[in-house]
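Chain lettering (A, B, C and D) follows the sequence in which the chains are written, and residue indices restart at 1 in each chain.
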Amino acid sequence: MANEFRYKRRVQFAETDLAGIVHFSNMFRYLDEAEHALWREAGLSIVQPGSDIGWPRLSAALEFRNPLRFEEEFEVWVRIAELKTRTIEYEFTLVRGKSVIAVGTMTSICVRRQPDGTMRAAEIPADVAEKLEPYTADPES
Amino acid sequence: MANEFRYKRRVQFAETDLAGIVHFSNMFRYLDEAEHALWREAGLSIVQPGSDIGWPRLSAALEFRNPLRFEEEFEVWVRIAELKTRTIEYEFTLVRGKSVIAVGTMTSICVRRQPDGTMRAAEIPADVAEKLEPYTADPES
Amino acid sequence: MANEFRYKRRVQFAETDLAGIVHFSNMFRYLDEAEHALWREAGLSIVQPGSDIGWPRLSAALEFRNPLRFEEEFEVWVRIAELKTRTIEYEFTLVRGKSVIAVGTMTSICVRRQPDGTMRAAEIPADVAEKLEPYTADPES
Amino acid sequence: MANEFRYKRRVQFAETDLAGIVHFSNMFRYLDEAEHALWREAGLSIVQPGSDIGWPRLSAALEFRNPLRFEEEFEVWVRIAELKTRTIEYEFTLVRGKSVIAVGTMTSICVRRQPDGTMRAAEIPADVAEKLEPYTADPES
């Protein structure tokens, strides 16, 4: 699928736990890393110095199918399931060789700092939406 | 609610990120910690030395409602929504004062090491089920 | 020793690695937590909202004597070896029961944000020094 | 220097803290990762399935010179300062472009599982020593 981004990674020692496998909380860090790598490939960064915009998560969920172990290489496949006015819904598949490790979703929301210092939901800037568009499930060609 | 377990915690510095709030992956660690604290209160441990039983996660999900910041004190409220033959379904609410920080679920499965070294789904031992029973949504009185 | 601060902690599951013990990098997090707990007891916080002062580390070092395992309770004993004009030198001992787990040191430096945005070494504010003084090796009585 | 191993890495979001820079504890994880990458390049792995040998740390120390920030690329330069009968002493330099981020040392010890289950210091196996030899400060040519 042309509109899918693939992030490669190797399991690090400190990411394992006493059960000998990657602790499930680190799988969520892999999603985070994959999202940021997709943004970089799109010519963007989650963090814009001096910007008043942020991208907190509304939700994150994973189903775990197979364990990951130390030094294994795997990929995180990312797709944007829906690019809405204010939110981005990602779909993830973690894959090691032919095994699916986990599948999941994550939703981020665009927030803008208000004059009183609080963050409030805001429209995704047009240039960001445009650069993310190619990673959506049904990109305009 | 008598059958709810409450785990108290304070946000640590290393759990925050450059956005100034707790990184969402650490919220999943809070669930993990709360589960293990519930087990300890029930007279159990997730890790039984010499045991061939383990408790990997099948799934974990959180919805984030409000940010958590450095040094804030909060609670993780845990309940067992369903105690099945082989799985345990937890429900979580993260609370700081009167604010809900996040709500979520996690499902763990009982696995037993087979003679060939692999882990396979197994029945939750009777003594474990009995000790977890008081934390279920509808405990037998 | 009256001038020693003791921070209590329990090992969490995600802090262990596949060797079945706490990953050494997490021991440094325990130092961090203990320092912040000492500051809280002293009526201070490492993070002052709106302040232009920060406390980065200049160095950190640990010698590991014994492993720590899941669910074990331990203490971090902290003392301020030297409170200088701009730096704070901490001494740590991690203890589980009668076993020494690790001993170490950490040096933090007071920095102040300059008009151009950079951080530069600065004198420790008098009120901070006064509140930390009781934890020094040789407090003025 | 021919005998130096260089490990490339990019700073991930979850590794930063509210001060906007990489938390110092994560710098120790970078050392860990670099050591394991060196072992892989040498045709080794810190973890040998079925082996009764382990490589715990005796000590770790870092001096911090400059902060690291989100998405920055950096390198960890590793050298084996001394390869002794039972211990390996590493020297590290973390570098971003022309800036030194941190310098440090780490000592690991070879331990072997005894019949009673305890781990005891043991000689580094000859094949491991041979494969690490090229990374020492003064390799035999």
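Structural remarks
Rule of thumb we're sticking to: a contact is a pair of C-beta atoms (placed from the backbone, for glycine too) under 8 Å apart; a residue touches a chain by one contact, two chains touch by 3 or more.
These figures come from a predicted structure and were not determined experimentally.
Greatest centre-to-centre distance from chain A is found for C, with centres as Cα means.
Chain D has its Cα centroid 29 Å from the Cα centroid of chain A.
Separation between the centroids of chain A and chain B, computed from CA atoms only, is 24 Å. Distance between chain B and chain D, defined via averaged C-alpha coordinates, is recorded as 34 Å. For chain C, residues touching at least two other chains, in rising order: 13-14, 18, 21, 23, 25, 29, 32, 47, 70. Taken together, the touching pairs cover every possible pairing of the chains.
Listed in rising order, the residues of chain A touching chain C in the complex are 13-14, 16-18, 20-21, 23, 25, 69-70. By the touch criterion given at the top, residues 18-19, 21, 23-26, 28-29, 32, 47, 54, 56-64, 67 of chain B touch chain A in their complex.
Listing the residues of chain D that touch chain A in their complex gives 12-14, 29, 32-33, 36, 40, 45-47, 70-71.
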